Structures are given as C-alpha cells and as structure tokens.
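Consider the two complexes below, in which chain A is the common component and chain B and chain C are the respective partners.
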Partner chain A sequence: MNYQKRLIQIGLVAFALLIDGFPVADAQTGNPNTFNRLMKPPSKRNPPPARDGIHDPENVATESLQPPKEAFSALPKGKGGNYVDWVQALDEKKIGPRFDRVDADAKPIIMDLNIVREVKGSMPNVVYPHKQHTEWLDCSNCHPAIFIPQKGANQISMASILLGEKCGVCHGKVAFPVSECRRCHSQPKGQAAGSASTKATPVASQAETSKNP
Partner chain B sequence: MMSVAMKPSRWARVAFAVAMSVILFSLFAYRGSYAEYGDVVINNYSDEAGMRPVIFPHWFHRIRFRCKVCHADLGFKFQAGGNDINMLKIIDGEYCGACHNGDVAWSVENCDLCHSGKAKTPTQVHESTLQKLISPGGGAGLQ
Partner chain C sequence: MSFTGRPRCLCRYDVLTAGILFVAIMLWLDLARAAPNAAQNSEMRSVITNKLELLDVLVHRSPAVKRIERSQDEQAKLLLEQARKMFRDAQGQLESGDSEMLEAMLDEGLRTAGDASRRVVDAERRQRLDQERYQQLRQRALSFREALEGVMAEKGLDSDETTDTAKFDASLLAAGRAADQGKYAEANQKLQELTGVLEVALVRARDQDTLVYELKFDSPKEEYAYERERNRSHIMLLDMLRQSRPTSAQAAGHFEKLLERNEILKREAEAQAARGEIEEAVKTLEQGTASLVQALRIGGLAF
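On to the complex of A and B.
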C-alpha cells in the first residue's frame, strides 16, 4: 500500500515536472527555435472575440459579438491591419457604409486632388490622393489640426507617423499600416508631376519649403 | 481492503490528470492577445466602477459608417480614451448614444456587449503600430 502510494506520488511529480517544462517552449511544436518567432501566424489573424485576448470569455455577451472573419469573408483581402483592403471594398461596393448617421442615401463630397510629396532618400515620392480619403472623411477631420492646408507647411517624417502623428493618426491604428510602403510611396523619383498616377499635382516638398519659406 | 483503498487513488489520479490537462490547455490557449486591428479599449472609468472595460470594434462600425459620421458629425476625437465618454452622456444622446438609442442601433440596456473587456485592460488602440513598437511581441504588454 505504501509502495503504491509512493508510486503514485512519483508519477504525479513527474507529470507536474513534464507540464511545467512545456510553456517555455513553443506552444505548437515544443521547439524554442522556431521561424518567425515574433510574427503573428495566419491562424491567429482575425480571431473571434472570445479568443482574442482582450475580450473577457467569461462575459456571456462576448459570444454574441460577431467574429471578424465572418464579416471579412466576402471582402477583398489586404496585406496588413485587418487583412482587408477597405478602399477596394468600398470601390467594389462590397460594403456600403453610410455617410450620414441616419440618411442611408447621403452621398460623400469627393475631392479628386492628388498631392505629391517629394521625399528625401531613395524612396519613391508620396502621392496623397484626396479622392480615397474624402470617401471616408470630412475635410475638418484633417484640416487644419493635423495638416495645415498650405503647400509646404507640413513637416512629415516616418518617425512622426510611427509615433501616431500626421498620417499616423489613422495609418497604423485603423487605416492600413506603414508596412504597406508602396501604397503611399508610389511615384518613381524624377517622374514628371501630372503623369499617369497624378492628375492635379501641387507639389509639396519639404526640400522646397526650406528654399522658399 | 487494499482494492478499496486503491480505487479512490486511481480516481484521484484521473482527476489530477484532468485538472492538469485543463491547466495545460489554458496555458497553451493563452499566448498573448491577438485582438482585431483597430479595436479600441476604453477604460477611463470602468475599472473603478466595477465594470468590464469597453471594447469598441472599429472594423464592425466602418463596414456600416464612414469615419466622418463619428469623427466629424458626432465629435469623436482621434484618440483612444480622449473623449471623456460616460453613461450619462450616452443616455442623453451624445457619443455612442447618438446611435445606440434603440433607434439606429440597439440601446444601452445591453451593457455587456460594450463592457466586454478583461478587467484591468488599459485604454489602447489594439494592434496599433505604436503598441507594437513598445511591445514587439504583440503580447499582453499594453501601453
């Protein structure tokens, strides 16, 4: 009897040690040296609320919340953020977000004006399209608090964007994140303003600002 | 006598194994948070009031409304926790209450649909670049 008890005790201790060792290693494979250790695997994207880590699974109503994957299934795919291309979804009328709180027929006031910003360094110039932005936003959302509506008046850097200022007020929080470089840096250096990718093009370059303040 | 003594210990073993499996599973199941990009946690007053923090799903709302409706017409600032929203303002038709009034959208009696976050979750924009830079693991480390 004592022998059997001791055997069980040893078994339990061994079991406890075994499970204690597991969490150190990778959850899926038990291997600490996995590829893409800090990257979010596709299987972890757009999880249902009860398993997303911030919703309380103990809360009964959490189960009533829609899983994002369900909503996104019919929408065009994007590379970052929600993994949805929201601009394309709107263009293709896959979604029909209201422009007014109650009036479903209210139409946005679209401004079709591209702003080209000549950037320092080797990256292609930034083409900012007012069109896609005015589909979603009102002028007052950006002007004048975030962007002064005047050529050369706005100093923008990737550092400030990463810290959530300027474009980073939305891009990197709800709009596509900065990892999608080429969606903004889209005009090759030296390409004449007013070419295919740009219609009306007031050039607002930071270099120019310093010359003609 | 011996067999009688053995049976409970076997059951104890099984129970122990089951309990450990549950603990093990929960350890594996919780590997940081993977909440949706743009989800806003608002915990200005919730914790002190003994309520779960609010989680606002941006993605759900942008399918139904353009940014302008809330951020221009309703006056929501582009800042998580920066709007000083409370239940009185909501029932008086400000902020969330402009729609969540039983007319445009369901009303305030559904407390737990908004107040659905884990207690002590700080105010934040989830999965934001800023959050990732501060906590590269994208884990539970929050701003």
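On to the complex of A and C.
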C-alpha cells in the first residue's frame, strides 16, 4: 500500500515538474486604458512588437523589429514603467539623441526652465523640468502641438494624461507612468518656488494663474 | 542483528522509486533544455519567413517597384534587379538550415531595395509632405515668436540681433512667398532656420527661470468644474489601479465602501450645485475626492 502511495506521489511530482517545464500561454487581462500600457502588471510590460498591441502583428515587417527587452538590456535599470532609467541612461551616454541627424554641426538646445503647477488637496505641487526633457527631446516634439507655449493656454488634468493627452502622450507609454506620483508631484506645499526638487537653480519666479486639476 | 523480509522489500522499492524519480527528472531536464532551443529556432524561422515576405513585397509588388520601372533611372533599375536576385537566392537557400547566412542575405536585399526606392522619389507624395511640414513649421514659428515677445515684455528686455521681431517677420514673409510658388522645400528651409533662432532666443530669455502656475479661481463655479474634473481623474486612476494590481478581499471591501461614499457625496454635491449652493458643493465634492485618495492609498499607490 505504501509502495502504491509512493508511486502516486512520484507520478504527481514528475507530472508537476513536466508541466512546469512547458511554457504556459499568457492569459490576456482586460486593459482599462491602452494608452497607459506601462500601468499594466510588470510581467505584461515591454512585450515584443508583435504582441504589444501597437504594431500590426500581421505586418511582415513587425517581426523584424528589435524587442524592447533586448534593446533595454544594456541600459540602467529603473524602478517602474518600462524599467529603464532614461535620465541616467542619457547621463551615462548609453543613449545618444541624434541632434545631428540633419545637420552634422547641430547642437542640442537645452532649456533650463522649471514650471511649477499648484494642485489642490494633499498632493505636492507638480514640477515640470524642461532641462531633463530637452536634453533628449527637441522643442518641436512638444510645442506647439501638445503644449502651446503661452501662459494659461494649456488645460492639463490627470484625466487628460490618463487618456493619453498632454503629458500622457509619453508618460504611461514610453516614459514612467502616472502611478509614480512623486516623480512629478515633487514640491511640497508651501515650499518656495526656488527650492523645487529638481537640479535647476531658478533665480526668477513668475506667478501665473492656472486652473488645472 | 537480525534481518526480516520487510526491510529488504522496502529497500528494493526505494531503489525502484529513486530510479523512477531519476528518469522523471532527466526527462524534465531534457524537456526544459530543449524547450528554449525549440522556441529560439521557431522564432528565427519566423523572422526569416517575415523578412522573405517583406522583401518579396518590396521587390515585386510595392508602389516603388512601379515607380522605378517607369523611371529613366538606370541605377535604380540595377539596384532593384540586384535585390530581386538576393530574394531568389534567399528563397533557394531556405532549406540550407544556415539561418544566420539567410538573414544576412535578406537584410542586404532589404537594404538594396530601399536604396533603389530612395533613388526614385514619389514627387507627388514629396510635395504633399513638404506642404504639411510647411504648415507645421509656420505654426511653430508663429507660436515661438509670440512666446518670445511675451517673455521680453514680461522681463522688460530690449530687442537685439537675436530677438529682432522685424527680422523674424521678414523670414516668415520670404517663406510664405516661396510656399505660394509651390516651393515648399525652400520655404521649409527658411522656417526651419527661423524656428532654430527663436528657440535659442527663448532658451536664453528663460534661462534658469521658474514659472509658478498658481491655483486661483475666478468664481466658485470655476472651482466646482475643477473639482469635478479632479474627482473624475481619481475615479479613472482607481479603475486602472484595480485592473492592474491585485488587491486582497479586505482591501477590496474598503475600496468599495470608499467608492460608495464618493458616489453619495458626488450626488449630494450635484444637488447642492443645482440649488445654486456652489461653494457648499465644492466642499462636499472635495470630501468625495478625499475618500478616493484614501482608496488609491489602500490600492498601493504611494502618495
């Protein structure tokens, strides 16, 4: 009897081991918002192009694209989003934006301007540092199509960001997602504008009125 | 020491058990080793099949093929022929099993097909793209010019060589004239230079500044609209959070209670607003949003 029990146990163990050895198909979870794909569970982030819901899996060229995980493997690790610390990657020259793509002598235009947006409630104010963005983006990537470069001309809300507008054009798609609140809501209430928690050292402050949730 | 049949029997069973376990483990190890290799091979096969199909399209059926065949560009025709030969060679080598060689051959074919296509541009499409680009660049130049004027007025800066608005307007006019004649490439070149100058001027004018966008409302109605949007944002965030992060049954219970509380307060605020009690409505809705913030914290969002 003991012998039979042991055989059954061995059989079960062997079966479990065998099952574990096979890849199990990913169960597709409902996606609340395709724009914010970096808010998916970690295991579902950075899928290969044919399975990322963006590229056409039927297109013959899709398979030729480099999978993000392979491309990101040499870059400094981040704690969320697509798990790449892009600012560090830039600082360490692991990535090199092609400012010289059209003109070999072109130099990057880096703007050192912080924009602080006061918000309601217990959340700290939002600090937007132009410097970290313009170190690898061109002014024209955001202006004027996404943000109009005028006082009070941009109505930004968390809802719009979650819907893939304004900051959400990048954040949640390729840059860290909105679930990392403190990376933007970084200036405690009542703190002087000049001591915003970014690297920039502002010398002037311009009070403006904004009604952005 | 005395021996009975029972321990001897158990010992034999143990050997048998160990044997079966050993075979099972070896089998599993073999499968586990073979699985990634098989997956890698199948992935490679899929890449090659896709590239072959892509090259087939590019050298036989794409619009560029018709363009090249109709053109007088002998070099483009030669490149297309070379790409077609690479396609045929790759097709012939499919069964060789040398995936790396095949992929390199296909990559070269794709590059050659691209070179051929680039030599014979689609003039109509080029013109359309240049026209679209002109509109974008013009809009950009105008908005940067306006922004620069705003900064200069705000800071009381005097106009100099780099911020001469008359010069900017002259460039805009020149670009417009070129565009009117259909010379969009020339117009775009002028606008590109102008936006570059404007960007540099703006960066200098705003260097190390901090702009503070204060939260001020012109009326309680405006604040109520803001609060409604804030409440909506939090609900959206909660929906996403609930679907992306697993929560315990206990946390889910708290979640539901807090959401319910928000719904009650939201309805109350709406009723207050309908009665014209806007300031009270704002306060009520703020309480609702606060309960959503609490739910987000329970859901694991670090505030």
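As a convention for this text, the second predicted complex is superposed on the first by the 115 of 213 C-alpha atoms of A that agree within 3 Å, B and C clash if a C-alpha of one lies under 4 Å from a C-alpha of the other, contacts with A are read in each partner's own complex, and residues count from 1 in each chain.
We adopt the following convention: a contact is a pair of C-beta atoms (placed from the backbone, for glycine too) under 8 Å apart; a residue touches a chain by one contact, two chains touch by 3 or more.
Because the structure is predicted, anything quoted here is derived from the model rather than measured.
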Exercise for the section: With the two complexes superposed on chain A, say which partner A:V178 touches: chain B (first), chain C (second), both, or neither. Expected result: both
Exercise for the section: Quick one: classify A:E135 as touching chain B (first), chain C (second), both or neither. Expected result: first
Practice task
Tell me which partner A:I148 touches in the superposition: chain B (first), chain C (second), both or neither.
Solution key: second
Problem - First (chain B), second (chain C), both or neither touched by A:M158 - result: second
Problem - Contacts of A:V60 with chain B and chain C, given as first, second, both or neither - result: both
Practice task
May I ask you to decide whether A:M123 touches chain B, chain C, both, or neither, giving the answer as first, second, both or neither?
Solution key: second
Exercise for the section: Could you tell me if A:A71 is touching chain B, chain C, both of them or neither one (first, second, both, neither)? Expected result: first
Practice task
May I ask you to decide whether A:P49 touches chain B, chain C, both, or neither, giving the answer as first, second, both or neither?
Solution key: first
Practice task
Could you give the residue numbers on chain A that contact chain B in one complex and chain C in the other?
Solution key: 22-23, 40, 60-62, 64, 140, 162-163, 178
Problem - Residue ranges of chain A touching chain C (in the complex, touch as defined) - result: 2-3, 6-7, 10, 13-14, 17-18, 20-23, 29-33, 36, 39-41, 60-64, 109-123, 139-140, 143-145, 148-152, 157-159, 162-163, 178-179, 181-182, 193-194, 196, 200-213
Practice task
Spell out the residues on chain B that touch chain A in their complex, using ranges where they run on.
Solution key: 2, 5-6, 9, 12-13, 16-17, 20, 23-24, 27-39, 41, 52, 55, 57-60, 62-69, 71-74, 78, 98-99, 104, 110-113, 115-119, 121, 125-130, 133, 136-138, 140
Handout entry: Of all residues in chain A, those that touch chain B in their complex
Key = 1, 4-5, 8, 11-12, 15-16, 19, 22-23, 27, 38, 40, 44-47, 49, 51-56, 59-62, 64-66, 68, 71-72, 80-82, 84, 86, 95, 97-102, 108, 135-138, 140-141, 162-164, 168-170, 172-174, 177-178
Exercise for the section: Could you pull out which chain C residues touch chain A in their complex? Expected result: 10, 13, 17, 20-21, 24-25, 27-28, 31-32, 35, 39, 46-47, 50-51, 53-54, 57, 136, 139-140, 143-144, 146-147, 150, 154, 195-196, 199-200, 202-203, 206-217, 222, 226-227, 229-230, 232-234, 236-237, 239-241, 243-245, 286, 289-290, 293, 301-303
